[in-house]
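As written, the chains take the letters A, B, C and D, and residue 1 is the first residue of each chain.
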Amino acid sequence: MTQEVLSQEKGSDPREEVRVGVYVCHCGLNIAGTINCQEVAEFAATLPHVVLAKDNRYTCSDQGQDLIKKDIKEHRLNRVVVASCSPRLHEPTFRQACEEAGLNKYLFEMANIREHCSWVHLSEKEAATEKAKDLVRMAVAKVTLLQPETESEVQIIRKALVIGGGVAGIQAALDLADTGYKVYLVEREPSIGGRMAQIDKTFPTMDCSICILAPKMSDAGRHPNIQLLTNSEVQEVKGYIGNFKVKVQKKPRFVTDDCSACGECAKICPVTTPNEFDVGLATRHAIYTPFAQAVPSKYIVDRNLCLNKENIIVCDKCIKACERKTIDFNMKPETLELDVGTIIVATGADVYDPTSLVNYGYTKFPNVITSLEFERLINAGGPSGGHLLCPTDMQIPKSVAFVQCVGSRSEKGRLYCSNVCCMNTIKDALLIREHWPETEIYVYYVDIRAYGKGFEDLYKRARKEGVHFIRGLPSEIWEDRKTRSLWLVGENTLLREVYKTNVDMVVLSVGLEPKADSEAVQRLFTLSKTPDGFFMEAHPKLRPVDAPTGGIFLAGCAESPKDIKDSVTQASAAAARANILMAKGKVTIEAITSKLLPESCTGCQMCVKVCPFNAISVNKELKKVNMVEAACSGCGTCSAECPFNAITMRHFTDDQILAQIDAVTEFDADKKIVAFCCNWCSYAGADFAGVSRMQYPTNVRVIRTMCSGRVAPKFVERAFARGAAAVLVAGCHLGDCHYINANYQTQKRVERLWKKMEKFGLEKNRLQLAWISAAEGERFASKIKEIQGILNSVSPEEIENSKKMVERG
Amino acid sequence: MMDESAHPYEKFLRKDRIPHIWCEGCGNGIILNCFARALDELNIDLDKVVVVSGIGCIGRVSGYTNTDSFHTTHGRPIAFATGVKLANPELKVVVISGDGDLFAIGGNHFIHAARRNLDIQVICANNFIYGMTGGQSGPTTPLDVWTTTTPYGNIEQAFNLVHLAAACGAVYTARWTTLHTRWLTESIKKALNKEGFSFIEVVSECPELYGRYNKMETAIKMMNWFKEASVVEHFSDPAKAEITTQRIVVGEFVDIEKPSYGRLLREMKARAAEKMSDGGG
Amino acid sequence: MPVRTWRRPLDADKVKPPRAEVHIIKDRCKGCRFCIEFCPKDVLEESDEINKRGVHPPRVIDEDRCALCGFCSAICPDFAIYTREKNAKEKEATR
Amino acid sequence: MTTVSVQKPKIVRSGRRFISGDIACAEGALAAGCRFFAGYPITPATEIAENMSRRLPEIGGTYIQMEDEIASMAAVIGASYAGVKAMTATSGPGFSLMQENIGLAIMTETPCVIVNVMRGGPSTGQPTMPGQQDVMQARWGSHGDYEIIALAPSSVQEMFDLTVDAFNLAETYRLPVFVLADEIVGHMWERVTIPEVESLKIVNRKKPTVPPGNDFAPFKPDWDLVPPMAVFGEGYRFHATGLTHDERGYPRTDSAEAQTELVQRLCDKIRKNKQRIVRVENALLEDAEVAVVAYGIAARAALSAVRKARAAGIKAGLLRPVTLWPFPDEHVAEVARRVRAIVVPEMNCGQIVREVERAAKETPVIFLPKLGEEPHKPDEILDAMRGMRK
């Protein structure tokens, strides 16, 4: 939107009087059930600059929005406040409404009286209503100071990066490539294919997994728009939506692309190790290809296993065996720098390792296998040529027991349901039936979850075909020394009787868990995690494939355990979302960036030191700094750092935040907790507490900043000066900051304040610092309770002293 | 277990001459070993191989190979080899000699044979010193090191042999250490099949007279020096491949095609013969 | 794909690498220890016997460890050691 | 063996031809079967190289100009070991550079021919002027003890004939053989008769009689003290070295016996065959009272001096050593017994004269030195003879 247009906008003229309209939303009974919305509206009407205040059932509804638009026109409103849910949910909605009514969308503010009030104080109606008033007061105080802003536009690079070459990654890459975008598909393993390549058959349709995957793999392999980067890992991600700079390290294969995969090299390779792809059931050599259908179809040398260490070739058998002379032990890792506009994270999941569940005897008893091992055993291309063999005697088992929920839905493993194990077991049971009808099959389960299309039929079929389903997991499994057969003991919870069954083979139906290194991936892409450890979506309902960071999307089991169909669905969805950005070719960035006031800048360079994005540089001759707005991501830590108030943060100016603080502390300051919460983690965490209806004391007032790094010491001091009982500064966990490392500045500043408080003999625990992730609603709630506990011991004198501290500086 | 004749490379050696005179851990033995292996893998007719050597420890090598062989005067093996090769082009003539022999007293012959692109293979055992005479400094002695004639540290710049060879026009040039036996063997094989002048420098350990005086008392220590210091950089700029005590760049540096002296000589003879049969001349 | 590889692979017998014979020609050894130092499988150690050259030739610790890479013979300056596939001779004969 | 190619037509341009000594030398080499020439330009021998560079390729031989005379000599030895008759041609300075490898040729018993077209020395001296100053260098030039063969042509015809002989001797006795010409003989143009190849006596080195195998010893001599010569590429896989060696060619650096056995044989194979090797030419010696002993170009002036003397009534005669080495001392001694005195004109300050004096015992020897542009004038020699009367 150009400057000219803007100047006609309402509120753009500083001389014109401020006219605020306030709308209090009932949200059905979500809010109105606890808060007296009418009372809040009436209260709002009494606030300065407020020309009208209304309450209605659903402000977010079309009527609700139309009302706002109408009022803006009729009552010449130039500021709007909506008191309803979290801005993280509906701010965009209302901003758009304002814009449609010709009001600059940055002249809109929300009061979060649902997640932060009605839902978390269900039983304290009055207190909640009072709190709601405070929240509205704060919103109005801020909105009157808001300024119209222009959003800057950034170009979106029309290239995509897909991390992870499992079926999800492959699908996403193919979709984007077919749309016409250049796609980099990065896979850590030597071949794409992922888990699906290991599986024998897929449920519920029972088609051969590799048969349907292989064509997709080779499509991805030879697609002109896809650059396959196998045996590669992302090392560094810089930049922002539309303009990511990604460093990918391509680890050496030690075999050139001329490899024809003839396999002569592996034949004579003198060293062997259990093959990961066959879960250790088969052997591979130091030079190998993970599996027959691998893409790219090239061999690779495992240098950890190979006899040739360092730069000395001890063994040259493979080199000699290779007719095309493709083996080159001198290959070095290369680092590629990719510029991409969008990123799809499809890093997948790990399979739960049941070794720790000692009562099941995995790794103690050879005939206890995992469901993944089962897949390899039953697979015609597997180590046993598709014959389900008991490892001890290499005979077809006469009886097989499946044990469900191994590592899932249990304190011992993971708390969540792994989603695929029930159907997988049913499928496996039917496979045994099909091949060896004589074999008895028992399935020990807690619940059978056959929720998907065609699942129930499959379940019924299994029952019809005589698979025994026993409700109640075995408490223990042990081996018969002589026969090597296995005993399962447990309670049949339906018949309320103890069972003791003897079988030849036990299959542990293991669950899925987050990749061991998902922490690293999380940091690289500044993602968040849900409590189960999988990556968190921007919104569980409305933006289920977007990551919180703009331009990054999630697909497959990295987001949560899911079956192939769901993975592919989500992959296509993620691709479609990325496509939207790239098709547009540009995106407008929220006008929440730092602005330099050159006249006040002394060139002290404090800001330069703290900026995580190197957006600030020094101008030697002017003795001032320069700010590159495009590079600024808007954490505002520079503004917090500047001793001369020479940097303001658009839409989160000092004045605006101070106004909110003053609003909080206007009445009963000595009973209130002023909480500064960062938009990405802590504020979201508080929202999550609301969504989960976690109850906590009503006297907390949350002030939202984009990053905890924005919280300047003077804010805290102002709160104390105004007699606030306590102050909470909350941000993302160290290392998870959405602005790389800005929250380390937060920590420094708070520590400095603590020292100061100590100097003045103040209760320094009245200032709290907490790292609360978006998933940690519980943590937020308990933190408030904790502070409440502290407050009970805070005396009026203490509070007076703290006022003085600020006066004395 | 003790069946000597069973050693796979026995047939490449003059059995009655083994054990050789070289010291414990001397790299010359490894070079001979790699050479034997190369002959074995190419299975060349040993009757058509001539090994020519000069003076110095490695000069004795010609006495150990089970081929026709000649142990010439100091510095002259390449000149001698020139005569052999031109007189009977069917023969594979390989010169194996030391850095002092080939590049000090024999430097002139080396550069001209390379310039002519004469069809011979030159393998240089570079041990940085004159071993046979007791460890004096030579044309490849690195700066600062101690030898019996540089008691205050060597103040002469060393030859960068691969650079020299490349500059003189060798069509194949490689450098390895005696620890890189596999690569060395491959290079020797390449060289043997190459038309024209090929040169392979083998950085070779002399624990007795180089190592001992430069803080590497044992052959193992020298080998570990090779291990730490060597970096494989195929076809990197030979000019930047000087050997220092910290860094030994190894690899293939040159592998080009260029009409060899032998080929041009054949063609010239043909022209001359024709002219004569036309009754000219 | 990190997996817990605790099982003996089912095809362990099929892909078992050939067994090696390590031959040491003791009296040729000059005791440089290259074969001992650079054996990737640590098959060799210094023996305590003294050969006719007055040095300790290497001795095989465990022949079955040998991967037949042949580096010992490749790096031996004295042609004093070599490896051979067990029963290689017979194989030759039968071929 | 490439020498069979001698039988091919047109290789030798037989008949009467008017050519220079250097050309005649080259033609003689080709006639003798020489098929390899390695050299380095030097006055006054250059024309030999030039001629070889033109003629050898025509008949399948190889000419190469090496980087110096050291290399030339080494290459000649190499070629000879590869079974090809090889030669080089040079003059004083180059001859000096060749000495070390001449020693190698002697030690490794390498048949080859070195032509030294002598010029004025020492050092660079007078490149375009004649001299006979390298006679002793030819005998003793390389270090160590050995016997050698050197021939001294005194005409263009002899440049042809003696070059052929040089190759035959080299092949017979397995050693380097010198042709000690001089600038005048080399540059002089004369009519020569080049015989039909068939009429030429060509000697090729003895081949081993045993097949390749363990009982072959490359340096085991026959009755004539000369070992048969295997060459590279024939399958004998033998070793040769400049070190003192045994019959198998293996170094024997620590044994007095080996040293004695080898070095003594190297000398004896010449000494014991001296009668077969030595050649002289006599003129009017039968009744001579005064004898002139001269070789090379000096011998031509000496001959006319002798004729003049006879005309003047002096009974003079000429003894011309064709082989300077081994020196024909018996011949000199025999003449010395019959004559009153011996005159020795040489283009140097006295080299062969020492050998003459040694052989002549009491018989007085008058030495006529000569340095620079011209050889002796017949009258100078005549005067010397006149001084011998009364």
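Methods note: contacts are C-beta pairs under 8 Å (C-beta built on N, C-alpha and C of every residue); 3 or more make two chains touch, one makes a residue touch a chain.
Owing to the predicted nature of the structure, the values given are computational and were not obtained by experimental measurement.
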item: Each chain counted as touching chain B and chain C at once; value: A
item: Most centrally placed chain - per-chain CA mean versus overall CA mean; value: B
item: Chain pair whose interface holds the most contacting C-beta pairs; value: B-D
item: From chain A, the most remote chain by mean C-alpha position; value: D
item: CA centroid of chain B to CA centroid of chain D, Å; value: 37
item: Centroid spacing, where centroids are CA-atom means, of chain A and chain B in whole angstrom; value: 62
item: Separation of mean Cα positions, chain D and chain C [Å, integer]; value: 61
item: Inter-chain centre distance, chain A versus chain C - centres from mean C-alpha coordinates, in Å; value: 53
item: Chain A: positions in contact with at least two other chains; value: 312, 314
item: Contacts with two or more other chains, residues of chain D listed in rising order; value: none
item: Sequence positions of chain B contacting 2 or more other chains; value: 179, 182
item: Graph class of chain-chain contacts, one of line, ring, star, complete, other; value: other
item: Of all residues in chain B, those that touch chain C in their complex; value: 1-4, 6-10, 13, 18-20, 22-30, 32-34, 37, 178-179, 181-182, 185, 218-220, 223
item: Complex interface listing, chain B residues touching chain D; value: 14, 17, 46-48, 50, 52, 60, 62-63, 66-73, 76, 79-88, 90-91, 108-109, 112, 265, 268-269, 271-273, 275-276, 281
item: Parts of chain D lying in touch with chain B, wherever the complex brings them together; value: 10, 35-36, 38, 54-55, 57-60, 62, 64, 66-68, 70-72, 74-84, 86, 100-101, 103-104, 108, 212, 232-243, 250-251
item: Footprint of chain C on chain A - complex, ascending; value: 189, 270-283, 285, 307-309, 312, 314-315, 317, 353, 355, 363, 366, 383-384, 389, 391, 394, 516
item: Chain A-facing residues of chain B, complex; value: 179-180, 182-183, 186, 227, 230-232, 234, 251
